[in-house]
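Note that the chains are named A, B, C and D in the order they appear, and that numbering of residues resets to 1 at the start of each chain.
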């Protein structure tokens, strides 16, 4: 969905500044030269990732989704269609653009070897291989098929998983399958804190 | 006969004062009224004017300071000057009979000196306040916005008279500030006391 | 075009600072990470890159705490001191919808507007040497969007509309608050500056100072004098000086050297 | 939330306690302001600090942290003794009339059944008197001395206004003023809501606190009513959804984790399917077999057969008394019992109690996987000594920490689709606006890759429990990056015989012919499409329910227990606020929390409970069937009700070497931690916009204490506990005052949480101070009310 705001209307008469330099148009109602930065953006509906009020937001991205455009977020503001926030946002929600665009965002997998004093970058492939190997070693070492009384328990107590409160239901459902596939019982989220 | 009136140094200082004054005055006028903002266009645009006007004023104040230190002692008003001033109405209508004789500077010139110096001081102080509106106290700025234009009006007014006198009203005056000398006739006519002093000195030194 | 306005109902402000951030974000301001100021208030005062500040004021009266929070920004005065003081044509403009906006192409950075403003709002940027303040998001209002601060305000403390409507709404709300027991509730739309396009409903309009608002703001008298009578005086002096000397010359002509020479 | 954000606007009374929504949920708070503006609702704010919520309240009462049960208990006593409760509601919709075991009682801090040696209760006497057919005996007159109502009256008669004032540190007048406003919601045509958050849940008696709130609301007749309810304001975007999807002790949809003694599916269902306690109880959890079977079928697909109990054996089983909760997790980690930790968007070093213990525990891991948007204290834990030596001088040098750490760049909210569940239980679908930056990947891809690769290893090499891992169904169209719409459809469930999406959990079967990934979400993606993405603006009841906007669990019901909004004949208590109406043989309005066509008097109104009615009295909790005031584990005073049992006898306290507790001799003040409106948790220190609003950590100090200690605003101070310390400038304020408790002045010190050792702004981690002390029911740490010392430095 693309906004149909035209920038023509409000840029009309942009040349008055030159005239006034020579003092002939003293009270010129100078046109606003600043362009509306969301005049030609693509809008996507999303939900604020912070607290659980669940405010809807509209993400304005650069470009019209054409093949040769890499979208970038130029602005995020409240979605007026949401009965919850009706377009409003709090101070954190109002700064979401920075969340997406922050230069502190992680963009490459990093690896810290045992005893190392620094990160080093690692490829996804190498990272996945290593992680899968570690998980298997741990599971093979810790998997309990039977408990001390000989009852089938099929559990894994030496591997724990946490998180989820910032992820979607669907990702959490997948995490749940991952968890139960491994037999993990130690599984917690922010609700406990 | 030529009589030296201002030496090179004095003339330099005077013209530095004059140029910086004119620049400060014009750039100031540009920022004083929207009707005169066109001057800013002539002087390189509003931002340039805003940036350089305080510097022009600062140079003006500095060289005026030099001029002041050089001339202040000569500008003391004596009894004759006061009498001259009291009778200055006659001077204005070119009916100078009965007016006391002037020295190197007449009472009017001395007054102009003091008045312009006082205005310059006010301009400099109030100008400094207005230069940095983001840091100077508001109450000072509120005073300065009044003092600065008033002092400017006064000093420009004075200078208009000064220019008129030197260029038109008293022919031959300009040479004193350009080439440094005046004719004996001129000196005798406008500053007889000074003329006598000078000729006496010359006679004495000639003797 | 109708004059638009912003209504700030202080009885509904919760100090959430959403308006502060919305303003910063929309206007792509550079952020300043500060030091601790000993208060919840973001910074002591408005800055050239911070145009919308919530002021926090704590009071204790008879053991009862009150914590007043109020958004502070350009008031978009009907009779704007900044415009009056500005020497540069087209630098401060009144848009057809009543907004007092700065056009930085024309701003020369003299800072007279800072002195002319009775609300201490405009600020000079040390980098660009130009003055900045709230624009009422003129780029948004131009296309029919509400200003960013108003859009984001969660509690309805801020509303946007025509000045006529909002003045009526403000009066109604003040009456409502009075009926609820806040007998001094009232509207802040100071006459001294011809009314403002930012209108407050105060829980105690008898003491606007407690919110950090001036009681009777007017364009400072020195500024009015400067931009009024002093200008006339100046024009008279300059024109009078030039014309006077000219006619003096015509009437009396130059001084003669002979007259004095004869006396010798 | 039993109700929802939009519904708060329907309230006449709003009690804000244990939360500070004006600061932490400002947008949700707009409905509070709307109620205040439009309905002239009265806001009561009870909080140790005069917060931004207090600033707009009609009545503010300062109390000592952790005395909320005393305060609410006082309100119960006030309500009962003044007759300010909705009698008909209480009689009809609650278990007030149920008769209790004749030996039930409470004495000197303990309920009946306390075993001092085991430090736990035998709950035999906490049961109802049953008749011959296994149903509870009732006395509709509520006058029987063994009735819940009379027992409750007796229990709370000790909570007099004077006692409340003595415990809480407020004045009796202030308490009475607040109680009067809260109880003004007792008439049938008035409703009041309670808003709470972590100010209640972060106590060693947290669940009991919420129990007390529910009791107050039942007395006022506020549960099920628009503008009523007990409403938790949750702190993270999908904390509700994450909990719905299962925690250590739950499968999705709050199905309990099997225990080792439940060896077969039948054992499990027998143990977890409740029986009705009254003849008219609908007892909806009686459908547990359908929910569980459909989940197992979703998990194990073809491998789940009737013969193998639908794959039940592959679900891991915990020991009968085992606990794998948060506190235990890190205690075990510290003891070296955990080798690997996978963290998806969580930062335990920052948000777990006793940071030094957290750091030490992580150092014992062999490996740690962290998927994040930003570097966190957790991913950088091995570098804590370098990054924050002031606080962790004894922390290990990186060279001594053998943990292998993987830090994976994940996608943020804007870069992925899927649904978040807000506090109102609304599932709101969002679309992806752009791709993750750089090499960052969407979370589902990271999970799928890990899962697929470890499965491949087991397929190739074999290994322990391989069938458990390999039988988990993962047959997505793009298995290495499953589409979340496909997953959402699986979560909703479908009928395997018709291949059609289920329209709701009413269609679930226990014979293996339906699959459903989470029964409470069934109805979210039906044949009609993705209901979570709906944007309908209509609001036919005018109550702000918006039935066609997004989708609410369960069954798109917006107000839980809404059957209780009407009397026995189905007549709404308040005609102007009726979420349900009974006419022409069916209920209309909100989705009824009742059988849609059942006569008003046919069934109990609380269909999820075996009693069929709401419970004042419950044997479900660990430390008692009625809430009782206990002091925080670290408290400056003894319990004024029973000094011999001062703190919660059932509180979970860990005793690792680093788990020290302090006494009021060394640590005379009370510390409380909280969020500021300027920041969000430990995230926004990465945001310049938020950091600009408040760059610095500070310590909020009451005016009186600052005077005593000659501390001026801005002076550097150190706050310490038996665990650690934090340093920062003081913010001296009158908004925080000393409270008179039992003849002495107790000062509280405010500690905002948002800083750490990575990000744009840095400061101490507040959990340097907190203790590994937990609520025994929920396993939430006690972050409000612990003992601190304060020094000027």
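One rule holds for everything that comes next: a contact is a pair of C-beta atoms (placed from the backbone, for glycine too) under 8 Å apart; a residue touches a chain by one contact, two chains touch by 3 or more.
All figures in this text were calculated on a predicted structure; none of them were measured in a lab.
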| item | value |
| --- | --- |
| Identifier of the chain whose CA centre is least distant from the whole-structure CA centre | A |
| Between A-D and B-C, the pair joined by more C-beta contacts | A-D |
| Whole-Å gap between the CA centroids of subunit B and subunit C | 40 |
| Intercentroid distance (Cα basis), subunit D paired with subunit A, Å | 25 |
| Averaged-CA centre spacing for the pair subunit B and subunit A, given as whole angstrom | 70 |
| Interchain centroid distance [CA atoms averaged], subunit B/subunit D, Å | 83 |
| Residues within subunit D bordering two or more other chains | 26-27, 30, 677-678, 688-690, 693, 760 |
| Interface hub residues of subunit C, defined as touching at least two other chains | 16-18, 20-21, 24-25, 89, 106, 154 |
| Of all residues in subunit B, the ones touching two or more other chains | 34, 37, 45-46 |
| Of subunit D, residues touching subunit C in the complex | 22-23, 26-27, 29-30, 33-34, 37, 40, 50, 52-56, 60, 676-678, 688-696, 698, 713-714, 728-729, 731-735, 760-761 |
| Subunit C to subunit A touching residues, read off their complex | 16-18, 20-22, 24-26, 28, 89-90, 93-96, 101, 103, 105-106, 138-140, 142-143, 145, 148, 151-154 |
| Contact footprint of subunit D on subunit C as seen in their complex | 11-12, 14-18, 20-21, 24-25, 31-36, 38-40, 42, 50, 58, 60, 65-69, 154-157, 180 |
| Partner subunit B, residues of subunit C touching it in the complex | 85, 87-89, 91, 106-112, 114-115, 120, 123-124, 126, 129, 220, 222-223, 225-226, 230-231, 233-234, 237-238, 241-242, 245, 248-249, 252-261, 264 |
| Complex interface listing, subunit A residues touching subunit D | 42, 44-56, 59, 61, 70-73, 76, 81-85, 88-96, 98-100, 102, 104-117, 119, 122, 124, 127-136, 138-143, 145, 147, 149, 151-178, 180-193 |
